[in-house]
Amino acid sequence: MPTVLPDARVSPRFAGISTFCRYPRLQDVAPEHSPVDWAIYGVPFDGGVTYRGGTKFGPRAIRDASQYVKRYHMVHDVDVCSVLSLADAGDAPVSPFDIKGTLDLVTQFAAGLGTPTTRLFAVGGDHSIAYANVRAAWAKAGSPKGGLPLVHFDSHLDTVDTLWGEQYSHASPFARLIEEGFVDAGSMISVGIKGPLNSKSDLDFARARGVTLITHDRIATDAAGALAGFVARIGGRPAYVTFDIDVVDPAFAPGTGTPCPGGLSSEQALGLLRQLKGIRLAGADVVEVLPDRDPSGITAFLAAHVMFEILALDASARAG
Amino acid sequence: MPTVLPDARVSPRFAGISTFCRYPRLQDVAPEHSPVDWAIYGVPFDGGVTYRGGTKFGPRAIRDASQYVKRYHMVHDVDVCSVLSLADAGDAPVSPFDIKGTLDLVTQFAAGLGTPTTRLFAVGGDHSIAYANVRAAWAKAGSPKGGLPLVHFDSHLDTVDTLWGEQYSHASPFARLIEEGFVDAGSMISVGIKGPLNSKSDLDFARARGVTLITHDRIATDAAGALAGFVARIGGRPAYVTFDIDVVDPAFAPGTGTPCPGGLSSEQALGLLRQLKGIRLAGADVVEVLPDRDPSGITAFLAAHVMFEILALDASARAG
Amino acid sequence: MPTVLPDARVSPRFAGISTFCRYPRLQDVAPEHSPVDWAIYGVPFDGGVTYRGGTKFGPRAIRDASQYVKRYHMVHDVDVCSVLSLADAGDAPVSPFDIKGTLDLVTQFAAGLGTPTTRLFAVGGDHSIAYANVRAAWAKAGSPKGGLPLVHFDSHLDTVDTLWGEQYSHASPFARLIEEGFVDAGSMISVGIKGPLNSKSDLDFARARGVTLITHDRIATDAAGALAGFVARIGGRPAYVTFDIDVVDPAFAPGTGTPCPGGLSSEQALGLLRQLKGIRLAGADVVEVLPDRDPSGITAFLAAHVMFEILALDASARAG
Amino acid sequence: MPTVLPDARVSPRFAGISTFCRYPRLQDVAPEHSPVDWAIYGVPFDGGVTYRGGTKFGPRAIRDASQYVKRYHMVHDVDVCSVLSLADAGDAPVSPFDIKGTLDLVTQFAAGLGTPTTRLFAVGGDHSIAYANVRAAWAKAGSPKGGLPLVHFDSHLDTVDTLWGEQYSHASPFARLIEEGFVDAGSMISVGIKGPLNSKSDLDFARARGVTLITHDRIATDAAGALAGFVARIGGRPAYVTFDIDVVDPAFAPGTGTPCPGGLSSEQALGLLRQLKGIRLAGADVVEVLPDRDPSGITAFLAAHVMFEILALDASARAG
Amino acid sequence: MPTVLPDARVSPRFAGISTFCRYPRLQDVAPEHSPVDWAIYGVPFDGGVTYRGGTKFGPRAIRDASQYVKRYHMVHDVDVCSVLSLADAGDAPVSPFDIKGTLDLVTQFAAGLGTPTTRLFAVGGDHSIAYANVRAAWAKAGSPKGGLPLVHFDSHLDTVDTLWGEQYSHASPFARLIEEGFVDAGSMISVGIKGPLNSKSDLDFARARGVTLITHDRIATDAAGALAGFVARIGGRPAYVTFDIDVVDPAFAPGTGTPCPGGLSSEQALGLLRQLKGIRLAGADVVEVLPDRDPSGITAFLAAHVMFEILALDASARAG
Amino acid sequence: MPTVLPDARVSPRFAGISTFCRYPRLQDVAPEHSPVDWAIYGVPFDGGVTYRGGTKFGPRAIRDASQYVKRYHMVHDVDVCSVLSLADAGDAPVSPFDIKGTLDLVTQFAAGLGTPTTRLFAVGGDHSIAYANVRAAWAKAGSPKGGLPLVHFDSHLDTVDTLWGEQYSHASPFARLIEEGFVDAGSMISVGIKGPLNSKSDLDFARARGVTLITHDRIATDAAGALAGFVARIGGRPAYVTFDIDVVDPAFAPGTGTPCPGGLSSEQALGLLRQLKGIRLAGADVVEVLPDRDPSGITAFLAAHVMFEILALDASARAG
């Protein structure tokens, strides 16, 4: 049991200082469980938003919501905490008025967590932070030439070149990651793109680079196959999963900054993640949870389960 | 018209002291409509919860929300109030600091409502109260040896043996009911089980006793058939339906204590209940509505319609 | 103990079908406690509003909130339920699309409650309903020539002549009651008037008729004395108290349709009501509670206590 | 580019006085973009409701929510603002205490907007206002004998004859429009009817007049085909689309006055609208958004996208 | 009547495109009412926050809330719209990722509004924007050497030198304005400072520059006199009023980013503003309204009344 | 600087795993800062409530809210973290279905924290937990014969003998603590008692034991003097402060289980605490925060500041 959880006989799930899913703080992990397989950390940053902010409070809300996440995954038939050594590494440093500066701080922080075998899970924060975590994950994965394969769940492409003079906002992480070689556009799949766009040309960047787009209107027919095919196609290359909570319909995730109606249900989202069974993970993130728009807490709660679902993919692959 | 509703020409649906669906209080039912077919009563108790409480306010919220529930069911083509004599029997007595004591009070209260032909509908309260209502319903049904067949909608199995020294919490009602002979495990079906578990062995109790499990990932393919088959299989034996609102996704039912993302939609839930057409009912409950987490009131509102849907099954069977 | 409350040993305050303060329904009052001293009834009507509606759900919310109101008043040293026989008379009939028609229905309903000694307490609904209850209270008080003395807590004067062609909206009840002789303008005091007006002439009607105005900026210096003096001045004449919850600051009563910042605190409001000690009451109302703008329920909760405070004045006067 | 939007380089989507989708006010439209193709206007009226009001604040909420609606529709591959000249015509005049009076004011106002080629989009307000906008749209469409074909998304039929003495409430618009010849019942389709009814006879009016009913339980199997068939059947006749937000499940649209559980998802609703591809539009409305029950704003946000979806149908037809 | 409001007989307060207090848009003001006395504009910017953001949505929320603000001020006995020509100038341009750049854009925008006699009222946005509006107001006031006298309502001093490398955040406007000569520190009064500080030295900047500090614990005894004395002392010099809504207790203004418990009531705040009677105004702002933390809307509503209260000071001075 | 806080240059107040006021976890305190002066711990328990539960989530909410509490107290002129070594000791163990069992666990846990000089601050949880912390604080204070002096802020006396068979619910802690000798009734003062009671005899227990009662109606005149006098009277005896958040009006603290209208403002509450200047503290608690009724988070935020205010009393006494 490499991940030791609090004893619920004395400390129920509503008790204690909140860490992600009640996993130990990184500094509290016993030597025999080190190095950890995953370092999960928050990035309390919303300086990259283009509309509604507040996602800097995402890590705190997701820590609290995640207290109820248990350890055994029924569909994959795997006890995540038995297979993986998991830890909460706290929050990355941020420089609130400096997007690129923050992203560099985060990359540096993440790169320093654990050992090269430690995988990185970033909890946002706005989607700009994916840039930072992908870079660190890429380095841990051995700096693969051509970049990491990437699975991208989102209503938006996030491939805008520049917005209000800024190249690193949450509208642009995948433009930068592709341009700078951290992501392999030909092995990138974007699932759930939907909603009104500013212009038809918004799709140009991704299409020109060979990103596979599964727009929402094709989800029912194409997504499951595309994801399973993606895993087969990349073979054993370590890949990254980035999950923007706004890929889910506002009914399921009201607490986000740029929601888009007509999205996935939670059931669909979790089901699509399960299609990635067998994937070898290089890192992951879940982003864009905005607690101030989440009066019932269902968005942060879903995000916590998305995190578990991704960890379960890794546990399943390792156990399997 | 055995159930006389207020005249909406003078008392619109937003008017009057709230009783369940505007049905008369039990003591106000006219002799010609007695004994009632169903006594609906609240159980304002949340002493059995293991995480978030507040379900003791469920009956009050559901009474208020149910004012808008009308009487004619389009799909079953039946006017529920024309077929059934229905009444609100008020709330059962409770002993807030004593789970087992409360359950005994509730059973005794319920058993005393109406006559032996009166069916019992309990409105929770947390799921621990199912133990009380099933016992009373079992007695009214003639104390059938081997227990009642039971249809169970829930994200959780509720078959934990003991939690923090307590055998009768909301984690355990079906363990107790099966062990004590009130429910026939071989004729029990649990629909919608999902989410992370503490351990794989959480499923052992139900599986060992022969409970039919339709986990959520098999809902789309198996549930409709399993429910229709269940009705056929039990024949005319009176059966009990217990509906934990958390079987529905948090988007549809945020107001509950242990929600689970990736659940049923309301449409699915109502559709699955309709698969029970033809069932002979011994009793029912709807539980785990937590008004303090329900800012738009949609959870209590859904629960009121679930109640109506179950009553419509009975009306349809009797009319049909 | 003329008012028999449920036995809290078996039915705690969170249990049971909600009636005002857990008082018995009028039809359930025992003969030895009849006729009741006060018939409390709801008026689920918001057809008279000029801005935000939703006050038709006020009676339901106040019934629920009032479950926690106890019986003994510490400052007046009186057990309200020991002195008074109190009952919930249900909701008055309404005709939702017809203001004047509704007001006539309400007056007729109220006039028929109990006996001539029964006092009437109306729970709104919007302030237009004061017109109906004052008329009925006036009749019960022996149709005093010149009308009833009246104490009016409000941010607004409610003496507009006509709005959008309507003479009986919630902007106008006191214009009508004065003109039609049900209220004695010379023995009327309006406390708490504040906020921007459409024009200086908005004050003309009240001033011309001799209404005593205690505008909010004079509350601290003048209100306590003016209210005590009012009681002394009217002597034993039965008087009416109308309490618009918007006299209280939005911090204390967010749930109302035309709030006004800079108002009374709850402490001030309850304190001012206590200045009426010794008043002989002909009737009362509390109005303008809008549950949809009251996410924490504090407005309905305050309104329930205002109701209790007014009843305690009567109990104190009778006991004293 | 007939519709000129604010330059997002200086006025981001969270900036500026809110007009529908940031379209210009009607009085600000440049001569070269006049007459506008669509005049979009609000009807701040909830005087026609039979249960929960507050929809008078719908236009304001939808204006604010619509700031994030962009211009290019991916599925129809059309830039709505490039094809159509669109404008916000402000709010129609209303007479808050007079339903029929308001409806006449609204019809007159709408009829005067733009030129005969200008199409009318009304944003409610309660559903009673459809009566007003359909009449005006009918006149603009050349007063076709027999009335307009109409597509109706709703949980309710809205064909009640009279309620509390009123013929023009939100329960009745289609009864009146059919009776008075503005809608062609034989070319009317109602999609999404569901929930408990007062009586089986509630369906009589629509059935007797030949309205095509797609009740919710038949949505999955029948709706797409029925809508596509409807477009084919009416040929080039200009038709009207009325969209009551309560056709969508309360999870997706909690902010409405008479919600009905078990409804459409947003995804389904938008998908069904897309089935109308090719329709020639005479006018449209989206109604029954109630901001006070919409704590996360998702209902108004969805309504704004429904509006865009309908405009995109027209743009697609004209571009196509 | 230099400010022409919509005719409420056809366009009630809940109708129409929202402008501040229903004042005309600047471009719609009639020539005979030009130049306007006050140009009120929004600054949708929250890039300067150090904790919770979301104030960029303040202007929109305050516009909506202000629809209910009327025109006549009872205490000052002045009809604001009869004395002053008022207009909504829309929102200033912003550059969301560039604080100083935005502040320069705002100053330039504001300086260009109306004529030199036009006074500037900025509606935030976070408090950083005061820097921009004070600069523009200072220029309109004739660029007085030594800067403008300033009245500052706030829980915080906002005189931090640099935070996370940034000199122009909402923690620093008054440090910059004093240093750069736009504000006369010796004629500045800060009212309502309270709450835990990072260090005693936080007070040094203001004290060293001679700012008059009325900390909250001295409000009851000192504030009224200090404010009246301030007006007397500055004589006829035009002065600026900056009002951070967090000076008010969170009970009255929950919707703000850095609340501080133990603050002013709304009644106190409005009362203190009235102590400025006679002040000659050079400009004003109200800032830090955060709609996402304001579920009942009372914060934006209060802010709208604060704006009216400040305008009434000017109207009173001019009328008087 | 015995309490080392995170460096805000890299970890702003919205960052990091939440501990009370960002104080270090007890296990992370450096040797040179040990033993700590105060161990602050949560008690996630609501098993003792008689009405609305949910206070078990109080510690988590207060930890999150307390991130914004700074270190220097302006009125007492003391830097709390410079004087005191403070730590977050995590949450006490609880036994959710066993009140007395939990209280014993908590006492034992608290007694084991730090050394005999370590003071104990408990963060509830419902008021029943005061029983546990007072016992432990009493032991640390040397088990003074006759019990500890106690200052009690509350709307309720909490001296009920037995409720529903339970002697240790949140209605009874002070009855038990007095009877069992842990509190010196003659040196106990209860401030803020108010609201309707079940009976006049509710006051008997406290009065008979000599508890000083400052009922709310006497706050303005008596409380400041009584508290200052209390400190003088007990001399240097270590005393305990228990603060039930419901002493504050629901406008300031909506998030609590048994609110009472007409209570203290936050300003009054903080001011009264400051009257205890000079008190020697044996321990303290703040209880009854119920996050599910606290949509804007102002209750937990106030509670965090109450905690700081009490710690500042101790720092001031030690520094002074």
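Letters are used for the chains, namely A, B, C, D, E and F, taken in the order the chains are written, and counting of residues starts over at 1 for each.
As a convention for this text, a contact is a pair of C-beta atoms (placed from the backbone, for glycine too) under 8 Å apart; a residue touches a chain by one contact, two chains touch by 3 or more.
None of these values were measured; they are calculated from a predicted model.
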Inset, instruction - Mind listing the chains that sit against chain D and also against chain F? - result: A, B, C, E
Legend entry - Least hop count linking chain C to chain F through chains in contact: 1
Legend entry - Centroid comparison with chain A (C-alpha atoms), farthest chain: C
Inset, instruction - Mind checking the rotation angle between the two copies, chain A and chain F? C-alpha superposition, nearest 5 degrees is fine. - result: 180
Legend entry - Farthest chain relative to chain B (centres taken as mean CA coordinates): E
Inset, instruction - Report the inter-chain centroid distance for chain B and chain C in whole angstrom, where each centroid is the mean of the CA atoms. - result: 40
Inset, instruction - Report, in whole Å, the distance between the mean C-alpha point of chain A and the mean C-alpha point of chain C. - result: 56
Legend entry - Shared interface positions of chain D, touching two or more other chains: 12, 14, 50, 52, 56-57, 96, 164, 249, 251-252, 265, 293, 295
Inset, instruction - Determine which chains touch and list them pairwise. - result: A-B, A-D, A-E, A-F, B-C, B-D, B-F, C-D, C-E, C-F, D-E, E-F
Legend entry - Of chain F, residues touching chain B in the complex: 46-47, 50, 52-54, 56-57, 95-99, 163-166, 169, 292-293, 295
Inset, instruction - Provide the residue numbers of chain C that touch chain E in the complex, in ascending order. - result: 50-52, 164, 193-200, 202-203, 215-217, 249-252, 254-255, 258-259, 261-263, 265, 293-295
Inset, instruction - Flag every residue of chain E that touches chain D in the complex, lowest number first. - result: 10-12, 14-19, 25, 42, 44, 56-57, 59-60, 63-64, 88, 90-91, 93-94, 96, 105, 295
Inset, instruction - Please give the residue numbers of chain F that touch chain E in the complex, ascending. - result: 8-9, 12-14, 68-75, 77, 79, 249, 251-252, 265-267, 269-271, 295-298, 301-302, 305, 308
